[in-house]
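Look for chain A in each of the two complexes below; its partner is chain B in the first and chain C in the second.
On to the complex of A and B.
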């Protein structure tokens, strides 16, 4: 095709384009006119609170009517006003996720374990620094190009935590079995025989709370533990359950 | 003959269709709806945390652009694309008292406080009537964040019995800020998004373009021991593995390595740039080698510096300032003068010119001379450019203007605050954020002092 033919084809297509665009503009102008009538009608509806149906806007995303429950509205307004009057910044109400390094130290110091005794997958890979690093709030920038740590706990964070805490408890129990009367953590209950008496259990509970949660248990917590101990459990099973329950408390995971 | 005619017809049709779509894009004007929407939105909500100068938050209306959240859908249901500019202000006003995401708070209430009106998981929490600073909470957080450790029962008991708990806390904090955890574990992780290391291309990799461990050491040096954090963009020296200051050029260790004689390629190392042309982190060999690579106009390098040290993400149309009307000049013929491209490139291109005086990777000369990242008089690109709406003569001027700006201070405070409390202070604690970055200069840009101030906030220890 020669240059003249190319020119005419181009002109044809440009003309087609212009006519299509003009058609679009005309139809959109019509829509503008229609919607401006609709908008003014809706404004009137909102102002007068006459129409409670969500059809005032779009059915695509219905908006709950603000006019149908005037008492709820006044309660909501009051609540918002109270919030404004007692303005306390949001950050103050948030808990902070304790990430892998300090969590590792919490368990190590709480259960008197070396860092490499807490948890290792297949006996080789560190749970904290390698296997569950990201799930526990860390990042690996060099090999995995993770340049930011996760903002919030991920979907596998809970199960990773449980895995690690259980592993730490087991490791401590094994060590204390070997140490027998010189047990470092489970010193008030016998790990290889039947469950302890009430007073020994109370002492053990207080000891574990102080080691792991840095405080004494409240009355409710002690009562719950004593009730739990009514189950037919050996000393070892009771120790593991206590350790896991206290060790996976929200206080050890969030600060 | 028929085949030749057919081919020529196809070529001309393709040419014409291309013109058709280009014209449609120009006239359709769809590229400008986003910026227009932001301007109109912020006219109405000028005090909203979403309308901070230079920033943009698409999540106000979008789930992930272009898909809309309930608030965005409410807007779209009222007006078409063509009506946008004329009717958006009215629609925004209509929607003020509506709760688009059904979370119990009106759109206006959420927007003015920095909560997304189209996200029902993002809303003001139940607020306490009073907040009391809890030293025990602060202690646990200090030890966790800055020492990488847990506290213990005795320590908590001592704190409760201490009449001057504030002094006790700050003493603990001082110890933590000297710890190897803070300097060797926590702080380097703050540098990861700024440096973006890649092991395969670092000093231990198989294709070594530079050694990023120099960058990490300089970062930690600038951010510790009450030093002026502006060293991040001003230091003309480096720090060696023993923590000593090293002046002058630093040569690469070892001989050049090529595949024929070695199992890897080594074309970088040390710090070959002369000190008088250095501007801290943005002129390290790794920074230039990794972000510039082979580019004539190092746009990625400039964007990374802009993002890391001033907090502007140009990819989100943030930090767009006015530049001369002849920009972008498109000096490397990448087609950035097109309308779709121009809105960002009229800022990005002049932002990048000063970086083009620092050599990217030329494999042969890098192998022989280790000259990646060195300064040279680039005949193709001017050394001067534009930053934050005003002219800069060269990269040193760029760095000076950047580190003296309020954006640099705000960005530094954000990095440290977010690391401590896992949230954006500009949206959640705007008053406290303002105090922190305003105080930075009077504290001589000391990060240690900044952390001490953060620890005293109710946001840190409040209960």
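On to the complex of A and C.
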């Protein structure tokens, strides 16, 4: 084969190679586009389900919008995307353990307590920094040479949480008793007398759910609480029961 | 307190409404008793500075500080005049290795070995996993798996650093993994959901509250989405079943051993353990000495039938007695970098004294309080784990580095005692192993972590694939 022929053959081979590569790239890009459109479509379906599902308990308490979930390709899902409910938020597959510092901060914020007011065993020992440090997912590398944290909640994590919540709820109740009509958390339950009426109980329930679990209760949860209130409990006892049951639920320990 | 019983009772109690399937948890119903105590001698406890000490070789001691009992292959080092900072602070609690040797030589064995790492955390873990000879399970995990199904908290770990880790076997059920306890004096609080909390509701009200919680949970979106998550299942199992069993037995009272704030406990209607007198007699420095507190808790855990595997370790911090005498060296055995003989002598004394006290208690405690079952000690092994040995000589500086060559101490009625498995080359102060078929010392062999792991497991009647066999080292009828 002479030189000119070789030149033309080389050009042909190079051109063929380039065109094949480009074809593959284009088809993979198409697949990505199709996939993202499908995801966008699924998201639309989920958000549309909100209208027909039980959704939040109270239609008078609008769910906060969350624009961070909008998809790049979801140009049509503006209004529905803004009303994303808890069902979408909990569609994540992985659970994270809310460890001691996060939990402590959540409770301080949720029950409006200072950090050192939440829990101290026998009034002396810090629950988060000493007694239940390991059980709540912490470690003390300097004084105790603990260089690793537990990977998952341990056998005694649930007990730790129960004791902390009981203590925190009691601390809040005591403060609200002193504040009387200016109570910060138990503002719909009279803590020094009988249990509240149905409407006040509903308001208190919604308030506690928002403060502790950052959401509204669903219809079934509200119904359960109303049924529970039939038990012969004083206002204070009911307040503690609600605070404990909501605050120590499994939902608070995972994110 | 049997795991199988409370698993069944727990399911009935909750009506099975929120409890994961009972079959999803591996139930080990072996009721045979076996106890493992791992004493993590952190920092490098050198065997040639204790029970293989000699007047010859680079690691030699002078003859006036060495004691060699009759009819025993062991020797030991008497308490030395140790101090920190050139006499500024006296170091050592005065307990003599000789005391320990005289009492327990017939139940003691030294297993010579050469490890595979001089990195603290790596070597510590390998001393527990046998360098992964058993699919990465630590010795504690294996013993808990084989015999711990009958206990509420089979495997307790109060050690630190590389000893406070889980093994590498991903298939190990969670209940056999170690529960880490940071502070033994606070452990009692972790055994009851509401006792001692201010203005505690009655038990009946608490049960109502828990039922409310369960009913709320099962309707929640969170539970519906995540009920199949392993973390959620485990959490609920521990909350609804394990916790209830701990509460039923009023375990909390048994474990309240915090003397420092006795008056505060009374304000919360709590009282110290009824076994406090015996505990304080054995561990007089309980309130200030972390290892004494750990050892006390270790005894209470097995005595009260909660546990069969406990890991303890000396503190890595200075433990002062009366503000004048250091019972431990800073960084435990690793203080050898600065003062080899002082660190080894003081830390061996400190560690052995705690072990001595533990054995005394175990010998006097019957299994399940039943004289017919014998003492807990008769079914126990104490394994003094350590990362590595130390340099055999300390020219000029008096400090020593890490060294692979060493030996481990075992104390148990289940193994052939008053024995050294392997031997010591007195010229080099290096240990060497033994022929696995004959048991006779063999200078061409060095035993490894997996060999020691195999022996301890076999002494506990546990077999696993690739296990090394040393039948002549196990007592018959164990």
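The criterion applied here is as follows: the second predicted complex is superposed on the first by the 163 of 255 C-alpha atoms of A that agree within 3 Å, B and C clash if a C-alpha of one lies under 4 Å from a C-alpha of the other, contacts with A are read in each partner's own complex, and residues count from 1 in each chain.
Here is the rule we use: contacts are C-beta pairs under 8 Å (C-beta built on N, C-alpha and C of every residue); 3 or more make two chains touch, one makes a residue touch a chain.
Since the model is a prediction, treat every value here as computed from it, not as a measurement.
After overlaying the two complexes on the shared chain, residue contacts for A:98 are found with chain B alone; chain C is out of touch.
When the shared chain is aligned, chain B comes close enough to touch A:5, but chain C does not.
When the two structures are aligned on the shared chain, A:106 is found in touch with chain B, with no touch to chain C.
In the superposition on chain A, contact is made by A:153 with chain C only, not with chain B. In the superposition on chain A, A:193 makes contact with neither chain B nor chain C. Using the contact criterion defined above for the overlaid structures, shared-chain residue A:214 touches chain B, although it does not reach chain C.
Within the superposed three-chain model, A:250 lies in touch with chain C and out of touch with chain B [touch as defined at top]. In the superposition on chain A, the residues of chain A touched by chain B in one structure and by chain C in the other are 86-87, 90-91, 97, 143, 145-148, 151-152. Per the touch definition, chain A reaches chain B in the complex via residues 1, 5-6, 9-10, 12-14, 16-17, 21, 25, 28-29, 31-32, 35-36, 39, 42-43, 46, 57-58, 60-61, 63-64, 66, 76, 80, 83, 86-94, 96-99, 101-102, 105-106, 109-110, 138-139, 141-143, 145-149, 151-152, 210-211, 214-215, 255.
Across the complex, chain C meets chain A through its residues 42, 121, 153, 160-162, 164-166, 174-175, 179-183, 186, 189-194, 196-201, 205, 208-210, 212-213, 215-217, 219-223, 225-226, 229, 231-232, 234-236, 238-239, 242-243, 246, 261, 264-265, 267-268, 270, 316-317. Contacts from chain B toward chain A in the complex involve residues 5, 8-9, 11-13, 15-17, 19-20, 23-24, 27, 70, 73-74, 77-80, 82-83, 86-87, 90-91, 94, 97-100, 102, 104-106, 109, 124-131, 137, 140-141, 143-145, 147-153, 155-156, 181, 185-186, 189, 192-193, 196-199, 202, 421-423, 425, 428-429, 431-432, 458-459, 462-463. Residue ranges of chain A in contact with chain C, taken from their complex: 86-87, 90-91, 95, 97, 121-125, 130-135, 140, 143-148, 150-160, 162-163, 166-167, 170, 218, 220-221, 224-225, 228, 231, 233, 237, 240-242, 244-246, 248-251, 253-254.
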